[in-house]
Every structure is written in C-alpha cells, then in structure tokens.
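Pasting the structures here.
Next come two complexes, and both contain subunit A; in the first it sits with subunit B, in the second with subunit C.
Our next item is the complex of A and B:
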C-alpha cells in the first residue's frame, strides 16, 4: 500500500512539475480574485470577518480549479485502466490523490496567502501566524478529501466541469464557515484575538467523518 | 414485487389523517399567545421539514443497501425517496420563508440556523438529478448516485450542527426543553400532522414505485411483442429495471 501510494503520488507530482497545469493557474486565479474583490468591495484594506471571508472564498474557488483537473489524466490517458490492472489496494489511489491535491493546495496557498497579506490585509499577518497555519492545515485536509471524492464522482459524467462546482460548494459550506469563523479573530485590526477552539474541533470532526466516508465508498467509484 | 398492494387503504388512511390534522389545526389547537393565527403554519412547516430530512436519510440507507447487494431495485427506492423529499424540502423552504416574513418581518433571515441549513441541504440534493442525468451508463449511474446519496446523507447532520453553532438561536426550539415545550393541545395536533405527512410520504413513495414498476413491465411486454423495432427509451435521470 505504501509503495503504491508513493508511486502514484510521485507520478502526479511529476506530471504537475512537467506540465505546470494546475498550480500556476490556481495561484494566478487567486491573485486575480483578490484584485476583483478590491474593486468589487471598493476597499483597499480588509480586516476581521470580511478579510477571513474574502480569503476563504478565494481559496475555495481556486481549489475548484484544481479539483476539476484532478482525475483528467486518469480518464483521458488510460490511467484508471492501468491502475485497475495493477495488483494493489484501490484505496491507495484515494490516498495518493488526496495527498497530491493537498500538496497542490499548500503550494497555491504559499503564493496566495502572502499575496493576500500584501494586497488586501490591513493588520499584520504575523500577529497570529501559527494559529492561521493550523486553521489552513485542517481546512486543507477537508478540502483535499472532499475534493478528491467529488472529483472522482464527477469525472465520469458528461458535464463534469459543471457537476464539480455545484456538488462541491454545498458540501464545503460547513468547512468554509468553520474556517472563516476561526480565521476572523486572527485577522482583527486591534491585535489577534484568541483562536476559537471549537471551530478547529468542527474542522477536525469534518475531516475525520469525510475521511472515513471516502475510505468506505471510494472503491465503488472505480469498478468498471 | 408489487408496490400497488395495500395502496388504496393506505391512501384512504393518509387522507383521513391529514383531514383530521387540519381539523385539529383550525378548530382544536389554541391560538398562540404571542404570534396568533400565523403560528398555525408551524403544523405544516415542521412536519414536512422533518419528513423531508427522514426521506433524505432513507435514500441514503437504500443507497447503502444498493451498493451492498447490487440490486437495482434498491437504487430505484433510493431515487424515489430522495425525489419526493426534494419536493417536501422545497415546501419547507417556502413555508419557512412565509413564516419568517409573518413573524420576523423579513422573507429570509440569515441568523436562523435551521432555515439556512435547510437551504444548504436542499442545494446539495438539487444536484442529485443533474448528476444522474449526466451519466449515461445505467449501472454506473446507479452506483454513482448511491455514492452521492450516502455522502449527502452523512452531510445532513454535520451541516445542521455546524450552521447551528455559527448562529445565535432565534428559532423556536420546540422540543429542546423537556416539559417546557409545546402545551398538550398543540403537541397532539402537531403529532397528528406529523403522522399525516409521514403517511403522505409513504403513500407517494409506494405510488411512484408502483407506477414505475408498471411502466417497466409494460415496456418489457412491448419489447417482447415488437421485437427490436421499438424505439429505445428516452434518456432519463430515473433508474430503469
């Protein structure tokens, strides 16, 4: 299992490194979205819950771009057939894809979050950096798990570019809600407030429950 | 399997219970001291909301059975349950909005966790039919729809918990406190209304199952008579047996 996951993950990262399809597009999209928010809201600096909302909505929409592309190579170039022929546990594909998507999200956020701090954020991002990283990490795990599941459901449909966002957004509303609520006090103008632990707990429960569901039903999406 | 069996007495019982419920609502249940006549929408709004959520969950349970047994009839059961629950959920949103306008003065109240959760759940299940429709292979359509129904079924309680934590309570929490909730007359009326809507759901479910089964049998007979000349069935989101 570990070797299969390692091989699949290496393949995905290598493909991304060579084609540079997903991550640069997602990062560019995030920065454009910040500019759109600047003009849409007509504000030059944001703080508190508005800053948290703008940040999370942007990261969510950037994630949708990556999730749309996650299984394209598998379908178009026969990756699924090759994988199903190999004598490995099918869960390894789920784990590898979740890790690959997680890596993409982290890379995008390494660009998008500093860009957000530079372009739009009023208060200093340093005032609560460890807490912010904790929220980002927990929310990214949930995004990666649910994104992989939705991507695997949508990839075999005719209208997959349409199915991914309409399925994904309602499923991610509780996650974005918890992440934004947890981030809002960290970006307050008058010094960072304490991190609301219960929102971290909700994020962790969400990650855990959907991790188990994905583990239980992912095999059924691969049987043909 | 015949789903038409017992449909007539069940339908009669449903009509009777619903009539009794409405009679109780208008002639027996006391007027709410605070909200007056408007509060009577409660006897429609809350039962159809509860039955819609139970219908979504039932769709998830049938979906689990479908994935375990591969019996397409379970997929049909799941499809019909979700499909009727979507209609009831839409009714819940509309009646909830009317009640919000009458008692809080605004058609939509974002501070109200139940209404917002219900909207999110409705938006998610509204994708069920488009998802089915965009998968052509029958067997795969059934399998993917079941996966969706299970994920969405698990999502329902989590979503309610998360949204409820985010908002201050302004919704009347009817059953939250033991003894301090509904007065007896209102509770009886509410329970009769809930039973009536529950029976309505079961009747509609059985009716649609019977109708779909009859359609499949008819198509099989036609095919046997006409051979291969019969035009293939229209592509649809509904499962076929």
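Our next item is the complex of A and C:
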C-alpha cells in the first residue's frame, strides 16, 4: 500500500504544482476574507473567541475550495479508471487524498495564519505557538479526512459544487467548534491561557471516528 | 479453474432502467481475438468496461482470466490492459510522468517506461505535457499505458482511431494480431475488423445479433448490423 500511496500522493502534488488550481485559490480566499472581516467588523484587531471564530470560519471555507477540486482530475481525466485497473488496495487512494489535502491545508495556513496575525490579530501569535500548532494539526487532520470522504461522495454527482458544502459544513460544525474553543484562550489579549485539553481531546476523537468511518466506506464509494 | 480467457453467460448490465447489455453469452480462448461490431450505443464500450472490472455486471455469470466478476475482480486486476476513447492520462503531466505513475501502481520496473516509450515511438516528446501532444501522440501514449504492465488480456476500444498509417504500423506488434495477446477489439470497419479477429461479436441494442468465427462470416453480415 505504501507504494501506491506514494505514487498517488506524488502525482497529486505534481499536478497541483503544474496547475496551481487549489492552494493559491485557497490562500487568496483566506486573505480576502480576513480583509472583509477587517472592514466588516470595523475593528483593527481581534482577540479571544472572536479571533478564534474568524480564523476557523475562514480556514473552513478556504478548505471547501480545495475539497471541491480534490477528485476533479480523477473524474475528468480518467484517474479513477486508471487507478481501479491497478492491482492495489483501494484504501491507498483514500490515504493519498487525505495526505494531499493535508499538505494543501498546511501550505495555505503557512500563508493564511501569518496574514491573520498581521491583518486582524491583537495579541501576538507567538505567545502560544506550539499549542496553536497542535490545534491546527488536529483540526487539519479532521478537515482532510472528512473533506476527502465528502469529496468522494460528491464527485460522481452532477451538482458536486453544491453537494460538497451541503454535506461538509454540518459534519464540520463540531470540529470547527472544538478548534475555535481550543484556540480562543491561546489568543487572549491579556496573555495566552492554558490549552483546553478537553477540546483537544474532542478534536482527536472526532478525527479518529471519521478516520474509521472513511476507512470502512471508501471502497464502496469507488464502486459504480 | 477455467482455461478460457473469457466466459460470459447471460451477461446483463443496465444504466438506471435502460438496459445496455442483455443476455450476452460467449467464450474466448487464450491468445484469441474477439472483434466486437455494432452501431453507436450498441453496448460495445459497456462490454469492455464490464470486462475490465470498471462496471458491475447486473445479471449473468462473467469470468475474466478465470476470475468471477465482480466478487473475484481483484484477481484479474493488473492483468487487463484497457484502451478507451479516454487516454486515462493526466493532461498536466508528461507521458513519462504518467507512465512512471502507472508503473508504480502496477509494480512495474521503471526501466519498462523507457522501453514502452521507445516501442510507441514517443521518446522525443516523452517529457512534454500530454496537453501539448497531438491526438495521435496521445493515443500512442495511451497504448503505452495500456501495455506497460504486459497484460494477459487487452481490451481495445477502436484502437486505431486518431492514428495515421505509420503510427498504426508502429503499434501493430504491441496491440495488433501479431502481439499474440488475448484481445477484445471494438471496430466499425467490417473488413479491417474481420481481418483482426478470430471470433466476431455483433451487438445491436445491447443484445447479441451475431456471434461466429470470422472464417464463417463475411463483411455483408457485419454491415447488416448497421442497417
């Protein structure tokens, strides 16, 4: 399976490098949204739960753009057929797509989070950087797993651009809630508070549950 | 274990309520070529996709290389090469990159990529993106992909479409009669198709309208399928 995952992941990253379809759009969307929030809220700086909410809602909607594109090449250029003809475990496609989406999210956040700190954030993001990275990592895994699952469900429908947000957003409400709750004390104006471990645990459990669900049903999604 | 390459009994396949294949029954020995005729929409491509394991049969018993579909489809995977109207290649990647990707999926040695690029006479343009190649070159790259893993069964959907005579001659030893492979080939060319095959199958409306060794039929019977 490692061979197949490696081949699929390498191919996805190479295609993105050539087309630049997902990551630049996601990053540009994030920055644009921060600017909109900057003027829409009429505040030059945010902190605490409002800052956490703005950050996670923006990252969530940016992720939707990438999730919408995740399987497009497989459908439009015959990637599914090429993959299904090969003697490999079908789960390798799930793993490779989760890793590819995870890579896209990390790349976008390398741009979006500093932009958020520069454009909107009152307190310094450096005060609790390791804790913030832990929250980002757990939330990104959940986004990648659930996003891949929903994208695989939606891709064979005619209205995939509508199906993805309709299915995805309700499934991601608990994840965004937990991520925002875990992030809020880290962005407090009067100094970063301790990382709320309860919300971190909820993120980890949510990731695990959806990881198992995706593993259980992904093969069936590839059936005609 | 059967020694037949293909064994179909009462194969049926629907798209929604519309039947695409009905009660298709045939046998094909290893090393033989089945040439499939029929007007557009007769079910030729659907038949190839079922045999490739990409579509589930909805009725009947289907055995491909001894594997019963769909339950034992995994046994046939990797032993079938499919060439369709879609090249199954990523447009942004070069022919070499596409073939390396498929070589990794099939567990094929990387040197084989250069061998097949040479065989389809595409080495000079091997590093250009597929999107920048002519249709004929894309077809040659698709042939390279289909034979990369040296499949026991080749499923070819009008394989010479988009090819000039010189390119067709280059590909003949790879996917033609002289390749010695078991093949299922769709064709709209009665004379050319009959020259290619050992057994002729005619489909009309998803049903078998003609099934006989090519030695026992003439072009006229094939042309009647299109009437």
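Following the convention adopted for this analysis, the second predicted complex is superposed on the first by the 224 of 224 C-alpha atoms of A that agree within 3 Å, B and C clash if a C-alpha of one lies under 4 Å from a C-alpha of the other, contacts with A are read in each partner's own complex, and residues count from 1 in each chain.
What we mean here is this: contacts are C-beta pairs under 8 Å (C-beta built on N, C-alpha and C of every residue); 3 or more make two chains touch, one makes a residue touch a chain.
In this text the structure is predicted, and so the values were computed from the model without any measurement.
In the superposition on chain A, contact is made by A:85 with subunit C only, not with subunit B.
Counting the residues of subunit A that each partner touches, subunit B and subunit C differ, and the larger count belongs to B.
By the touch criterion defined above, A:77 reaches subunit C but does not reach subunit B. In the overlay built on the shared chain, the residue A:149 is in contact with subunit B alone; subunit C does not reach it. Of the two partner chains placed by the overlay, neither subunit B nor subunit C lies in contact with A:108. In the superposed model, A:26 lies in contact with neither subunit B nor subunit C. By the touch criterion defined above, A:223 lies against subunit B and subunit C together after alignment on the C-alpha atoms of chain A.
Once the two complexes are laid over each other on the shared chain, residue contacts for A:171 go to subunit B alone; subunit C is not touched. Subunit A residues 223-224 lie at the interface with subunit B in one structure and with subunit C in the other.
Those residues of subunit A lying in contact with subunit C across their complex are 3-4, 6-8, 10-11, 14-15, 18-19, 73, 77-79, 81-88, 223-224.
For subunit A in complex with subunit B, the touching residues are 149, 153-154, 156-160, 162-163, 166-167, 169-171, 173-174, 177-178, 181, 198, 202, 205-206, 209-210, 213, 217, 220-221, 223-224. The touching residues of subunit B, when paired with subunit A in their complex, are 67, 120-121, 123-124, 126-127, 130-131, 134-137, 139-140, 143-144, 146-148, 150-152, 154-155, 158-159, 161-163, 165-166.
Considering their complex, residues 52-56, 74, 77-82, 84, 86-93, 97, 101-102, 104-107, 129, 145 of subunit C touch subunit A.
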